[in-house]
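The following pair of complexes shares a single chain, chain A, combined with chain B in the former and chain C in the latter.
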Partner chain A sequence: MTGEMYIAEATDERIRERGEHGGVVTALLKFALESGMVDAVLAVKKRNGNRYDGVPSLITEPEEVLECAGVLHCAPVNVARCVKEYLDGAKGVRLAVVCKPCDARAMIELAKREQINLANVIMIGVNCTGTLAPSVARKMLVEEFGVDPEDVVREDIDDGKLIITLGDGSTREKDLKELEERGYGRRENCRRCEVSVPRMADLACGKWGVPEGRRATFVEVCSERGGELLKKAAEAGVIRVEAPSKEAIDERERKEREALERSKEWQERYFGELKEMSSEERRRYWFDYFDRCIKCFGCRDACPICYCKECYLEAWRGFIRGGEVPPERAFPLIRLAHVADSCVNCGQCQDACPAEIPLSRLYQAVNKELQRVFKYVPGMSVEERPPLTVITEEELRNDDPLLFLR
Partner chain B sequence: MGEGFEPKIIAFTCNWCAYAGADLAGVSRLKYPPNVRIIRVMCTGRIDPTFVLKAFTSGADGVLIGGCHIGDCHYIQGNALARRRATMLKKLLEHVGIEPERLRLEWISASEGGKFVETVKDFVERIRELGPNPLKGSG
Partner chain C sequence: MRVEYVPTICPYCATGCGIYLVVKDGRIAGVEPWKEHPVNEGKNCPKGRSAHEFLYGKERLEKPLIREGDEFREASWDEALELIAERLKGAEPGEVGFLSSCKLTNEDLYVMQKFARCVVKTNNIDTPSRFCHSTTVPALISTVGTGVMETSTTSLEEADCFIIAGSNIKENYPLIARRIMRARERGAKVIVIDPRRTITARDLADIHLQINPATDVALINGMMKVILEEGLEDREFIERRTVGFEELRKYLSKLDMGEIERITDVSRELIREAAVTYARAERGCILYNAGICQHVEGIGNIRALADLAMLTGNFGKPGTGVNPLRGHINGEGSGDMGVVNVFYPGFVRVGEDAARKFGELWGVEGLPTEPGLTYMDMTEKCRILYIQGTNPMVSAPNTNDVRKKLEEKELVVVQDIFMTETARLADVVLPAAAWGEKTGTVTEVDRRVQLMRKAVEPPGEAKPDWKIVCELAAKMGMGEKFNFRSAEEVFEEIRRVVPAYAGISYKRLEKAGGIQWPCPSEDHPGTDTMFADGKFRTPDGLGHFFVVEYKGPAEPVDEEYPFALLTGRVMFHYHTGTMTRRTPRLDAEMPSAWVEINVEDAKALGINDGEVVAVKSRRGEIRVPARVTGNIKRGVVFIPWHFSETPANALTGPIAEPPSRMPEFKYSAVKIEKVEVR
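Entry: the complex of A and B
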């Protein structure tokens, strides 16, 4: 079943209208709830109708699911941490959760640390090529698009363009790269993100591969459980599915490949610049940033990898002195050492940082390097253990202290 | 580097091998530079990356981790875990502009008093070439 692909749409007219791509995700969530496959749905809702303020909402009323239809590109929320922190890691509740790739990856990393019980979670993955910080988005809409942010009803990112739809149905589009050159556009971690199709979730849903002019969703089945949900929903008649054409599959692959190429370009830009620096320059670059830290613990509290009940960075542990701002340099380095092997580049730390330290830039840079060294990509499979906790047989036969650095 | 710079080295050594190796060097009256402060841990697997970073931010010019050879760790895989952590730390240090050579990992058995001495001598010389820990003072 895994690997099967479909073009799907909701059968309910109302849901089709509200959803952007045929309402499949909404219909699946509603069905999962109605059929008793899950106890609750976790999805993002606008707060008071404000599309720049998304709140993760726990929904138990099937009708309420409709309020979550549509994608909020300008309200990136921290779904994984939310499941861990406020829903007790789904230990006592069966959930259907809408996940961007980084959310799904973060949930998988948390599951490895026994912080989320994935057996209770159906991850409905949605393709993603980036999200925008709400404040940046509003400013951009005014300054670059010349529109009132409140007038926007929809955003879309496609083929390197940012397309917005206004209340009157008209659309405006701009080249994303040009916007980003000027400091607008997507969050910087998203620019560098390599995963646009969440195959680590149970289903991967997106618009790529859907024939022009049709409002439907391309769905890839990524697990038994995902396949079961899709099959049952189709049998119950809440969605219609059909096989995609060869062209549709190719088109989707092409879009995915191009998204990856774009992200590699951004990686090259961000990381290339740092690589070219001398050791001294690089040290100044980062430590000047670190010196801005006000020790608010925002990064730690937002990061899905920072799950410890007793954090080393608390003053009573003796590594960091209490009452000292900026905190001594061990502060940023310790967090880096603790999460760099598993960082999923979700950017939540950076979003949280009031000192605007480009934290994800550092974490992802180190993580990319460790990916190469340890052959481990975080958040891809629950079966793979974090690289600092495993030892291979082969390693146990090799006495070289620099084994991984040759 | 500047005259009179005496590197400060923190050596984390495991109880069963490297610490015993250092001890053997002592009882055999082998001379080694006095730049190293030894901290004994039961196993290199006990060395949280935090310890190493704290040593650097507290002013150590170099950190040496000494453990049993692979296969000899008294806790089976502690040294193999330490090797992975040290690898991660070296990459981390490099990314924030601290020379990764300031962290060194060596396997020294209880009978390798000579290797302990050679390692310390060599490490002190290398750190002398690198100069003081850039995080010291104003950073």
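Entry: the complex of A and C
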């Protein structure tokens, strides 16, 4: 079953209208809830209809699921943290969760640490080529697109373009890379992100591969459980599925490949600059950033991988001297040591940082080096243990222990 | 399981950062970033990150308490309010004083002052804003017509030069400092005026003017003298938009730079560099706070800063102006609501006209026409004190004396969320609902009115402040003037009586970032920048230059008390510590006070880093460990005032004459002694 692909759409007219690509995700969530497969749905809802202010919403009423229909590019919500921190890691509740790839990957890393019980979670993955910080998006819409942000009813990222649709149905598009050169566009981590199709989730849903002009969703089944949900939903008649054509599959692969190429370009930009530095320059670069730190713990609190109940960095633990700003440099370095092997580049740490430290740049840079050594990509499979837990003698023999700081 | 994300505003400083509270089964389980909020864009400081923890701290008040001897006993609301009402009925208006708090909502504050004026018929009402910006209001009203932040925090990045005067902005307003940091990345220059080499001076300053304390006027006069000598003044601006320049020019021309160097201990070269940097900026932005305000000569300090900004034409554009920072979340709102002895709501000056106007608006006769007493004068003179959410036992100067005064009162009512140091001395204690447990609006540093939402129920029998006061009014037979059923109904009345708020409604405040006043009508977007129309708010529409002479502190150092003590705040705590010291993460960062002293001074006294020393003034003594550092001038010491067990305010004392009645927290003469080890 895993690996099967479909073009799907909701049968309920209302849901099809509200959903962006045929309402499949909405229909599946509603069905999961109605059929008793899950106790609740976790999805992102616009607060007061505001597409720049998405909030995680725990939904138990099937009708309410419809309020979460549609795609929000300007609401980078920390879904994995919500499940871990506020929903008891789904240990006592069966959930269907809508996930971007980084959300799904973070949940898998948390599952490896027994912080989330994935047996109770159906991850409905949605393709993602990046999100925008709401404040940046609002400014960009005014200054670059010349539109009132409140007039926007839809955003889309396709073939390197950011396309917005206004209330009157008209669209405007701009080259994403050019916007990003000017400080607009996607969050920094998203530009470098390599995972646009969430195959680590139970289902991977997206528009790529859907024939031009048709409102439907391309669904790839990524687990038994995902397949079961899709099958039951189809049997119950809430969605219609059909096999995609070879062209559709090829088209989807092409889009995915091109997204990856674009992210590699950004990686080259950000990491290339770092690699060209001498080790002294690189140390200076990071330590200058670290010295801005005001010890708010925003990065740690936002990090879906951090989960110690008694964090080593808290003043009462006695290791980092309390009351000092900036804190001792062990502070950022210890956090790096604790999570870099498992960082999924969700960018939540950087979003939260009042000192504007490009934390995701640091974490992903180190993580990429660790991937090279350990052949381990975080958040892809619950079966793969974090590298330090299963380190081999061969890996220990690595002659480059300082990795990126060499 | 029920989980809900409730957007609200951080309860601490007046930056007004947005946060999400996550409410899980009726309890606040955490704080999450509110990324859309324009002020902080999802980022917070250590206090904001832990904003909810104090709600579940020790000693929350849950029931009314009445003193019996040395103990308190629980009482019903009915009994407690009856008792207060009876005593108030028997008192003359002048015998009653109301000390309110800038941590309260506009609705709470509005109702409190309405009660004082309509029921007790007194203008004896004030807040701790007396200790923050009682110098700002008269200084800026006389120079530019209104005592508010003129730019907005979100526009600060448009400035290309900042003067940060007397504010450790990186510790005390980290999310405003972020804007300056970003402006600086794009080339803006930053000048910091502070006797301490604070983290602000270390991280943000291109030029640090490490002056002798209380010599700001001399420094600013020196800077203006340089600007005139270099011909960098904005002649067109001065000509068209100001009066009084000629007198200032004459005065400055007579000043001697050598004398200014001697007074300030800053070299004329550095003064010149700072002056030229500011004067050459396209948009120069002055941000100032307690280091400027908390002086007996604070009004002069601020007038001098206003002179400097007018001299260079730095008004009316985003990222310019002479901008006071507010310490409390609702410092601005407390003034707007008229919780001041000399102003009715909307800054209508107390007098016959104001009494008539508000008499008509409220339908009440006999409103008070004479200015009331200020904070410290009420503490001194009133027989009955009604203290709402404020903690003079830690925040007021000369706390040993404050204790005596409170103990002598006929009746002290304290309405608060915790059993504070002040509440312990009360006769009646009323439990109030805290932030997060009630809905209401606050007005941030840049006139930004924002909605704070109720997320959870208050504990026990605690109630919102406005509601308690309405119930007390009913006990005193004035219920029909206070028949508000919700905070929103109070706000609707505020809109009717305060013109700057007329266009603001709860519905409009749903938007992240709220609305900045003046907002005269519902279709008005609010005001990012003051004076953008080219007019100041003075009666003649012009900016008024003042000649300000350097005078020095009220209690200069001498042989017996050779150190100038400055008090102030730190990143991890807030004011009297009522909230932050009940926040485990914050209190663990800094559980106790210390005295910062220069390395050379410490050496001369034989004091080692970490050694407990006695700090003594003419009024009191505390013992705290020394922090020996090169980051403070010789002859100056600094103590954070958040800690009631070692209260820095046991040492402070001198207070300005009217109108400010500002305590000189930024200069008290003290001595430092080694403590004998037995």
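Following the convention adopted for this analysis, the second predicted complex is superposed on the first by the 390 of 406 C-alpha atoms of A that agree within 3 Å, B and C clash if a C-alpha of one lies under 4 Å from a C-alpha of the other, contacts with A are read in each partner's own complex, and residues count from 1 in each chain.
Basically, contacts are C-beta pairs under 8 Å (C-beta built on N, C-alpha and C of every residue); 3 or more make two chains touch, one makes a residue touch a chain.
Nothing here was measured: the structure is a model prediction, and the numbers come from that model.
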{"item": "Which of chain B and chain C A:C296 touches, first, second, both or neither", "value": "second"}
{"item": "First (chain B), second (chain C), both or neither touched by A:A365", "value": "first"}
{"item": "Partner chain(s) touched by A:N78 [first = chain B, second = chain C, both, neither]", "value": "second"}
{"item": "Which of chain B and chain C A:E281 touches, first, second, both or neither", "value": "first"}
{"item": "Partner chain(s) touched by A:P387 [first = chain B, second = chain C, both, neither]", "value": "first"}
{"item": "Touched partner set for A:H338, first chain B, second chain C, both or neither", "value": "first"}
{"item": "Which of chain B and chain C A:E268 touches, first, second, both or neither", "value": "neither"}
{"item": "Common interface positions of chain A, toward chain B and toward chain C", "value": "none"}
{"item": "Chain A-facing residues of chain B, complex", "value": "48-50, 53-54, 56-57, 69-71, 77, 80-81, 83-92, 94-99, 105-107, 134-135, 139"}
{"item": "Residue ranges of chain A in contact with chain B within the complex", "value": "274, 277, 279-287, 312, 319, 328-330, 333-334, 336-338, 340-341, 362, 365-366, 369-370, 373-374, 387-389, 391, 395-399, 401-405"}
{"item": "Complex interface listing, chain A residues touching chain C", "value": "40, 47-48, 50, 52-53, 55-58, 75-76, 78, 81-82, 85-88, 92-93, 133-135, 138, 291-292, 294-298, 301-302, 314-316, 322-323, 325, 351-356"}
{"item": "Complex contacts: residues of chain C adjacent to chain A", "value": "1-3, 5, 7, 20, 22, 24, 29-30, 32-38, 40-46, 48-49, 170-171, 174-175, 178, 181-182, 199, 203, 510, 512, 570-572, 584-585, 588-591"}
